[in-house]
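After the structure tokens below, expect a handful of questions from me.
Chain naming follows the written order as A, B, C and D, and within any one chain the residues start at number 1.
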């Protein structure tokens, strides 16, 4: 690890904006956020993966991965970060290092040539260059190559120094944020700006969720100048320093960006979420208030309240028909744990029973909220091993599992409904409409007759196979 | 329970039905060494022949009594006799299946009686099994013709039970017109795997499975053999598929005394569980491992596939039994049947189709129903539905008869654990193929925007960093 | 059969324009054209089918079939007569007579209501109403219903009286022509006309063949006012009487229309074909000459010669690369026999050997041309029974069969290439480009390696099964 | 003979390759009770795992030694040992297949030696069969990893021939990475139908065929059993499929003395005729009627299908053996391969692909080649080709790995008479689905028009009749 990278990582582990860090003692903090991985019992993506997740949604840039094939070859084209225009970000570009490149130390040369090639062919406004484990190990100086290329090729080339072996996805997110802070944000001026410009940090427009939110802002006369990085153009991010307020979605991701933007450009930030009706309203209120403090029209909070009232009413009305169908249904909520209380609250509002919610990555604040909501911590669970979760589901401890893709097949093989709330899902669940969509999907999943069918015992599992033969109308003996 | 709607229309526009005699012809084509013969004008045969060739991509032996106007007015028996003799001389069929048409039925003679006299008169015809079914075009559709032909064969070929009949491990199968050769082949394999011997009437799996023989043959090659059909009384059980096979099944039951089980559909997990239980009981054997594995694969397909069915809006038009089976399949996977059109009303289970209403009508009724329902995600009907699908701008899944613009139809299996599994994949992949990248327009509700005061900056200038 | 229909049929059998009739004696002529059918040994469509083929290409009309289901239900949507605009002609409309209708004699009532319904729904410029066997037998007066409907519903309703049992397709074509003469042609004036307006009779624009020809006419300043009936609009046909010349394609089809149009409106006609280079050129020459006689600019023939020279050169140049590949290949030509000599001549031009050509429907004139081309009548064949044709092909008497769909499977099952030249084919073969397309398709078919593959004996057919195992590279024994 | 073109490019844009260790993991997944283990950073495993899950729609047991930077620099043996012990405790696998990655290979330790020491040290691991394959990402692709893993298994598991080995009616099969579970199942059925006993390595048909088991299992369930693999010397013959299986096949041959036949492809009539002849000779039995029928059905499909292939322009990108087999298939049906891209050049038969040239490259090379060729009618590659197909405006037929946007991939069969038949229908139907009504614009050559003098008449007036 280069010294620069080492310093970055240490700095991130001390990130004062991080709620988790704040709760830790000095010594604990120095250990850093990432738990050391257990060989043979690890799961999850690496820092490179996290960095790519955070930056690739910049739609008009080329994202070039410097490393041997697997890093990009096995991983490209795998998410639904949507674009309203450019498609360049969907290219899977890699230096695809060969044995020769590595043995002969040709990595830097190859990288420079690769940058040159993609600029010549695609003429992007910028190239993000991701370092990976092998060039980090062999000591390729990606920062220097990028600096050289930026100058020679008159195109910003941003080094993203987050090789996989330095840690997990979350660290990668933050290292991506550092790259933005070091090389991108503040390097251009916006074409236009308004007194109500805001940035949203850590929202990636998965399945178009940003587009569920933007109309709300537009209705309030708030302009999202840059979403970092969902459906972003390079220039928007580069000129994000002129916005009045930063909203940080999902605290663990880009907290460093929010805090340092405040430090450098005096942009206040707050943390909020667009998952759940209550959270969406809270976020709108917070932004309105902060913008007024930064010079926006004084009627903004009042208009926000009016919109909130209207939208909440509309959402609850849309949800109402499902309530009777969903009431009493038992949910096992198995997310990363971040902000899961906002979903808990929403599920409870429609009468569902949350039988368990994972708090693996929850902050103490999160946990307290869950305790308040659920009347104690009885239902807070940490990691559940797949075999145990399968057993719980198979014996009917829950009617549905809400989780990311990793546990999808635990639920399905246990013949229990599963709703995808991970990054690869195709449904958008943000804002008021997103909550309605979530409820509709819950109902769609729970009411699917396929569950009764797949739980039916096979004829050879029944004591009385003949039972299968007395079941009209499927078997109608004649005469 | 679905309401049955019969629109009062004078014109059928874009018919869903294929004709009743054509249904009979298809059944006759499932007999070995057969030639179906339409008793009517040459056009009746020509249209049916062309359509059947387009569906199966095979030479089809289908003949006509070539009634011209004079014959129609003066009496048809002469043409019938001449046709039989000519067929016998030219093609040497072992079986001739006659289907009447609207033309000769409107004239209203006693064709069955005529046939009896002809057979008495013509010793040349003695070695050919000749069967007659009354199938006027103006009543019913494909299913009715198919069932009438099967009944006619049972009536004239099957030897009634007598004390001399020794039953052995035989199972009779009366498939419906909606089973493909691949379905029949799968069913035969299944029955055999229990150590039972299937006698299938009709059996398209030998004659219309699309194969290249070593020699030219003017009749069908492969199919049910009459020697075996004659011995259907020897079976321990008869399995019939589809409500339209109830009458032939009843008839076979009464002739032979063999107990009958009718499966309204053999698509779907539950129906096949019941089939396995039945075969297991009949044979006294356990369900073979292969089928246990297939069931488990079907479960997996249901689990992986249900995501793509949930909430989908399906419009189906088909003959009643196919309509029933497919509707139940789609609904069972979580889709909604927003439009269901049956070709005929001669079916007792139309009202158990999982839809608000079932229209007895044509493809125009289907289109209208889709519009009335506020759209659909998928159209499910035969190839003629392509024009409707184009107009509606939704994909068409081709099922039933005719499918003239795709290959391999005979090899598409939709029954059994495996057939159901493949059907799930087919539908899910159709929907997956329609999936698109999200765009801002996907999100409907947009409150009106509030004006923002804009400050214009230098274009693309670099900030002081 | 109504007396009117009987009279029509008799008249058609005496058609003085028909080359075949002219060659017959008085007595023979009285017997009519159609051979009586042999029960149990007949093939081919009926008069209704023929009438529908001839009229359905009128693209903006509704074509309504009065009869029980099969006539339309088994037959609609089965041809490739293409439209450059309206799609109404593709509807399959039928009264779908029920037993009740027939027994209670409700046919006429139902027909009137059906006409009313389709006019109300589709507002076509005209409805063609086809009678079929059952209403003909029960005596429905389709002519009267149409007259009544035309008046009441202010839309021309044209009775097409060609029930299936009166004869075959060819008679149906002519009866369709009679319907046009009696109810359509001459009933409207064209919106515009030119001194070079022509009609083409008996061309149905199958697979768009008309569009292979129209550019040639446009290049010469000749305007095809009405194609009867390929890609036609009703009004074009209704005002076809203002054209200067009629070209009749395929003599046996609409000869009555051509002759009677000459009788009524003095429009001269000639018979020509667009199949083959020579025939196409001859047709262009003939039209140019006739148009000049009818007042077209005098330079038209010279311009026609220039175009012919240019197009023929272009076509032969396009065909040249195929010549080496096709030379010496043996063709069995099994068409209806009409004008097959023009294809024979074309095939011979590119060096192919015609080993047989059917003359089932050929005129004496046709036959003479074939004799001239092929040096005798040795290769003229009448009907070949499928079993015999299979044997010929299986033993390799020809390299390829050109025929209609009926013999498709005879060739394929004999594992011999087959080229579709029937009405259901998807390829267009008209004009110069069409001939090039035909040659390209011949080459494509003959050069397909699939033939060698399908003729390969199965392992169990070989005396020496081990031969299959010594055939590198498919079996590479190791070590 | 095709020219092999290797573009000199610094950046691969839109990779065609999946990684070498992933190929090894897929092979290990074809072993019963197995867990594949990547020796590398957690990201290597995570990407491979996600991709494999997306392809198979199954939980995939794939683990990592979770190398962090410190371990990478200080030495990896500790992580490997810890990983093996943890795996053993948590999952109780009967088999662990280790695949190295670029990360640890760049470091360049003696991992095989490490493993030996670990196994000596840790009696806990005695009951688990542990195999190591060197599969750095920077060399080769899927095929190479798969073959390396199979070789590693043969090397460490198969008992060499000795005089005590009694051969019996066993046939070994070494399928390539391009065979689906359905292919393997078909092959097993075929071999069994000759009375021979197949031992298949690896065998995905039991483990990745998409089924629902009765209990949760952290390892693979189904697949090749090591007890049988150990006895491969008992076979009378070994069948290997694809050139990339030549090295493992050679190795197996030299270890066991069992003669080997390598089939470059098992798609197509000729290849399967040879397979039938081989099995017939090995077993001394005639080819069963079922397969004779299937051959005849394939002939029919070739005859009916060739119309839709003739003259079609195909662009294919795939791993070498899949590329070879599919190119030969398309060309054999009369299509033209206008662009062929191979993922790697480690294949001896690239030059026998029926195309003018074969590019070793990525999907961008494929797109460029299609443009250079003046367009194509069909793109044939894995799911990542969807972006290229969109840009080119032509349909995509999904083949190989990964296929993440369709269901039922494991059940798609492309080998054998039947698999070839179904492949023909699939392609033909894809083209049929693209067919459109003719329009005037379909006809290219248009000489310039000559002006005509027009006379305007009353609009729509009736003529005096």
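In the analysis below, a residue touches a chain if its C-beta (ideal position, glycine included) is under 8 Å from a C-beta of that chain, and two chains touch if they have at least 3 such contacts.
These numbers were taken from a predicted model, which means no experiment stands behind them.
Asks: From the centre of subunit D, which chain's CA centre is farthest?
Replies: Ranked by distance of C-alpha centres from subunit D, the top chain is C.
Asks: CA centre of subunit A versus CA centre of subunit D: separation in Å?
Replies: 33
Asks: Suppose each chain is reduced to the average of its Cα coordinates; what separation in Å results between subunit A and subunit B?
Replies: Computed value for the inter-centroid distance: 49 Å.
Asks: Between subunit A and subunit C, what distance separates the C-alpha centroids? Give it in angstrom.
Replies: Inter-chain centre distance comes to 64 Å.
Asks: Return the residues of subunit A touching two or more other chains; collapse runs of consecutive numbers into ranges.
Replies: Those would be 413, 415, 454.
Asks: Check each residue of subunit D and list the ones that touch at least two other chains.
Replies: Subunit D, residues with two or more chain partners: 57, 212-213, 299, 303-304, 435.
Asks: Given which chains touch which, is the overall layout a line, a ring, a star, complete, or other?
Replies: other
Asks: Taking the top-of-page definition of touch, could you list the pairs of chains it picks out?
Replies: Touch list across chains, by label: A-B, A-D, B-C, B-D, C-D.
Asks: Show which residues of subunit D lie in contact with subunit A when the two form their complex.
Replies: Going by the criterion above, the answer is residues 9-15, 17-22, 37, 40-48, 50-51, 53-54, 57-59, 63-69, 72-73, 79-80, 82-87, 90, 101-103, 106-107, 136-139, 141, 212-213, 215-216, 218, 384, 387, 404.
Asks: Residues of subunit B touching subunit A in their complex?
Replies: 240, 246, 249-250, 253-254, 259-264, 268-271, 273-274, 276-278, 280-281, 286-287, 292, 295, 299, 302-304, 306, 309-311, 331-334, 349, 352, 435, 437-440, 442-463, 465
Asks: For subunit C, which residues are in contact with subunit B within the complex?
Replies: Within the complex, subunit C contacts subunit B at residues 1, 36-49, 64, 67-78, 87, 90-99, 101-102, 110-118, 121, 133-134, 136-138, 163-168, 386-387, 390-391, 394, 405, 408-410, 413-415, 424, 454.
Asks: Which part of subunit D faces subunit B closely enough to touch in the complex?
Replies: Going by the criterion above, the answer is residues 57, 209-213, 293, 296-297, 299-301, 303-305, 308, 405-408, 411, 421-422, 424-425, 428-429, 432-433, 435.
Asks: For the complex, which residues does subunit C have touching subunit D?
Replies: For this pair, the touching residues of subunit C are 80, 82-84, 186-196, 207-208, 211-212, 214-216, 218-223, 235, 239, 241, 303, 307, 310-311, 314, 412-413, 415, 426, 428, 433, 440, 444-445, 447-450, 453-454, 456, 458-460, 465-466, 468-469, 471, 473-479.
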